[in-house]
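Both of the next two complexes hold chain A, though its partner changes from chain B to chain C.
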Partner chain A sequence: MSTFEFPPSIRSRPVYCVLQARPGKAHLMIADAEGAEALIDLALRAPELMAKAHVIYIPKATDFGAALKALNPAQYYEGPSYSAAVSRIKRVFLDASMGLQIYLSGTEGLMGQALSEAMQAGYDHTAIQTEHRGSLARRMQCVHCKGITEDVSNDPFQCSHCGLNLFVRDHYSRRLAAFQGVCIDAEEPGNVPPSKELYS
Partner chain B sequence: MTLQFNTETFRDDYSFHNSQRAIDRFPFPFHEDSYMYAVNMERHQGGPADSVYEKRFDVDEHYVAEMADRAKVLDDDPLRCQSLPHMTLAGWDLLELIMVSKSEEYPDFFELHREGREWYWINKPLGIEDHFTFMDDTTLPYGPMEYITRQTQGDFCVLDQREDNLWMDAGMVTTQADWSLDFDIGMNFFEWHAPVPLAHEKGIFKRALKFLLNIQQGAPARRLNWTMTVNPLLDTSPENYHKWGIQKTTLTSENIGAKQHLRVELQTFFRLPRSNALVFPIRCYLMSFQDIVSKPKWGRRLNRVVRDLPEELAAYKGFIANRPLMLDYLSQFDDGLPTSFGVWPDEHITPTLQR
Partner chain C sequence: MTGTAPNSTAPKTVGAAKLAVRVSAITTLNALVTRFEFQRIDGTDFPTFSGGAHTVVEMMDGEKKRLNPYSLMSDPAELSTYAISVRRDDQGRGGSLFMHQKIKVGDEMALSYPVNLFVLDLRARKHLFVAGGIGITPFLAQIKQLEAIGGNWELHYSCRSPDLGSYVDELTENYPHATSVYYDDKKQSIDLDNLLDGQPFGTHLYVCGPKGMIDWVRKTATATGWPQAHVHHEEFLAPQPGRPFAVRLKKSELTVEVGAQESLLEAIERLGVDAPYLCRGGACGQCETDVLDSDGTFLHRDHWLEDDEKESGEKIMPCVSRFEGKILVLNR
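== the complex of A and B ==
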């Protein structure tokens, strides 16, 4: 099962819902990995959306591409990574007219980055639906060097840029699409507790 | 008023010091012998003569040194000052508020001459004289918010008001109690306060927000907040925590009186006229434990507050590891006698320490 119930947390941490069909002139659906399953579930409940849907999908190491394509969206794109897909995503937001519905599903990193693009294009974040599926890994910003480390699934972890040992906070920036990582051994250099899987 | 500006540093050799006048006017934040979060707002319409509450923007002996420290922080990390594109008008509002206030309240230090939109600003302590056109960004060396807050003590958060909320959409933040403007910019009131323990559950932020949304032009408000800092370090930023965190481990029973500082924030709130934004200056006052206990009432009270503070708050404020050492020191200045209500030192009615 690709769903996970997140425990209650602080007010800056995003919360996710289950995608609901909403009336719209066009439907932009962006997903990665197991996020495909949320789109498939949505299409099962509301097959009429797909004739007006543009699906942008980043499979990562999963195999849902054929099933998504079989939903017959008006436009279907599969990209090797978010950074490869982002210029297309920006273009779609630029061209979008009133009445576009936006559906995001998959990992927190994918949803956060796509939401941040949508906000920059002028969409209100509260009007965008998000459904978490799959990996619990987070996109982390090192507060010290500002470098982003993708797919962090353990706490603490080592910053992939500056090498500091960081603990994983729940404090989240929508603008950066990242959680905050803060040095864990600043007051006792070298004293780093064993790394544990998030939510384990 | 004559004011001598200190030659001092807030880093490296830490030559920061408070004169007797600065000690006498320190905004001691505890009005009783215990502490818990409260909204604790009051009008910011003056205060006792020579207190930090008297002027809209207090200028004290640390002014010149604090501005030099701010310039150094910005050289090292320009992201400490940011303004989202829609906040430029609020920046001009803020520049006007500060220039008008300072030139009225400190005419010996600051002058503002206005001929229509052509303005002439003189800042004598910092040796700045600039002619510029009000509301024309190209006539100043920085954006309006950055220009004026490089000349004004305290951090500045400029909050946009929309959707019944306040949004941290611009700021100058170099003397912060461990929070990052670069990370928090664009967040709403509840989001940027998200990491604060206990206060959400007590409804503090809901009530505070309701109050702040209703602040009117010409009716600013203020409150105090506080934390602890080892060494008089202004820039206790998360960005540099991996550098300064280690300083917390340098306290000993011999040096604690000089090294451990109570850090008080005088937070004020002003509605800005054109943008309807709210500006939230956070002015930091530092005082060493040894200077605090020179006031017998403050010494007794600080011991009781630190001793009885809930664990979550001591952890959040970052001094839980040093609390035993602090209490070893402070308890020497608490003889158990009662203290008078209110924040003032009340030296004329306070008994000296009974040993």
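== the complex of A and C ==
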């Protein structure tokens, strides 16, 4: 099962929904890994979307590609990573018109970054649907060195840039598409609690 | 007044502080619309405002104090003057007629501080304006604001006839490529489906005009996939007359009879009770009032309360809504 019920948290923490078909001139669907399942479920409920859909998919070592392609979207792209896909995503927003519906699914890092791109293109974040599926790993920003560490699944963790031991906060930046990591042993260097898997 | 800097020009209580002004110019635009310009009596600049803001004009009509909201249509960068355009409404409650018939250059009046319930979303890649009739006024200030910062905008303006097309000449002369005008009497109308189709991603849509136009634009936009956050509208309702009714104000320990031609808010103010308000048109939510007891029917007319709140009988917006029945007790 690729769904997870996040416990209630602070206001800053993003909350996710179940993707719903909405009227639109075109439909942009961006997913990674198990996020494909949310798109497949959406297409089952609303097959009419697919004739006007552009699917951008990053498999991340899963094999949902064939099933997504079988939904027969108007455009289908599969890329090896978000960084590889982002220039295409920017281009889509540049060319898009109002009436485009945006559906994001998969990991928080993927959804957050795609949402941030849409915001930079002038689109309101509240109008974008997001459905979490798959990994609970987070995209973290070290508040000290500002470096981003992708796919953090343990708390605390070591910043991949400056090496500080960071506490995984629910405090989130929509603009950066990252949660904030704060030094956990600033007062007593070396006193770091054992690292645990997130939500374990 | 604690917490307020001694030199602050900000109102101490929202809606309470007034700007003392003198009418500096009156310009008849056409058979229905007249522009009024104001300057401050103390000669200082007006407070800054952003395009889309309105002011509530206080009119002393004999014994009666009238308070009507009008959009500021002057240039937000020109603070020596505030200007409004008033459409004469012969069937209305008399505020616009009072402005047209009684107000002379040099008269002293009071204006509220500006309040903006129809702001530009400056994150927009493009601003698409749809105006009907006197609904053009907030856009005039917004256009000036956007011109000053090189903003991307386009106006579609529907009027009854060339004779009644307020500011059409100014707009088509200054912004010929951004302005499209449609005249009802020439059977011209905005091709809305076509207009909304293909607008660049990140466009915001703004509509101001008669209720029918606002509903049409919002409905069409929603049906074609425009999110609510990108569709803005402004519609001031005027309070409608109705049957007189009695109200008990619990906190003030007063009872008041609301007259047929008077709004509930006006009746409360008549007793000297300080009730909050901003727009006086059912839009802003400032005057929301708790109902403590009631036996009768609420005539909710505002755009503020949700349907379930209206049905609950626990809230009322006294600026535009009325009541018919035996008992109404408000927490005021």
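Couple of notes before you dig in:
Following the convention adopted for this analysis, the second predicted complex is superposed on the first by the 200 of 200 C-alpha atoms of A that agree within 3 Å, B and C clash if a C-alpha of one lies under 4 Å from a C-alpha of the other, contacts with A are read in each partner's own complex, and residues count from 1 in each chain.
Following the convention adopted for this analysis, contacts are C-beta pairs under 8 Å (C-beta built on N, C-alpha and C of every residue); 3 or more make two chains touch, one makes a residue touch a chain.
Note that the structure is a prediction, hence the values are computed from the model and not measured.
Of the two partner chains placed around the shared chain by superposition, chain C is the only one that A:122 touches, whereas chain B remains out of contact. Residue contacts after overlaying the shared chain place A:98 against chain C, while chain B stays out of touching range.
Once the two complexes are laid over each other on the shared chain, residue contacts for A:23 go to chain C alone; chain B is not touched.
After overlaying the two complexes on the shared chain, residue contacts for A:157 are found with neither chain B nor chain C. Of the two partner chains, neither chain B nor chain C is touched by A:64.
Contacts of A:82 after superposition: neither chain B nor chain C is touched.
The contact sets of chain A with chain B and with chain C never meet.
Put simply, chain B touches chain A in their complex at residues 79, 180, 182-187, 190-195, 200, 238-246, 248-249, 321. Residues of chain A touching chain C in their complex: 22-25, 93-101, 119, 121-124, 126-127.
Interface residues of chain A facing chain B in the complex, by the touch rule stated above, are 10-13, 141, 143-144, 146, 164, 169-171, 173-176, 180, 182-183, 186-189. Chain C makes touch with chain A in their complex at residues 121, 123-125, 196-203, 205, 222-230.
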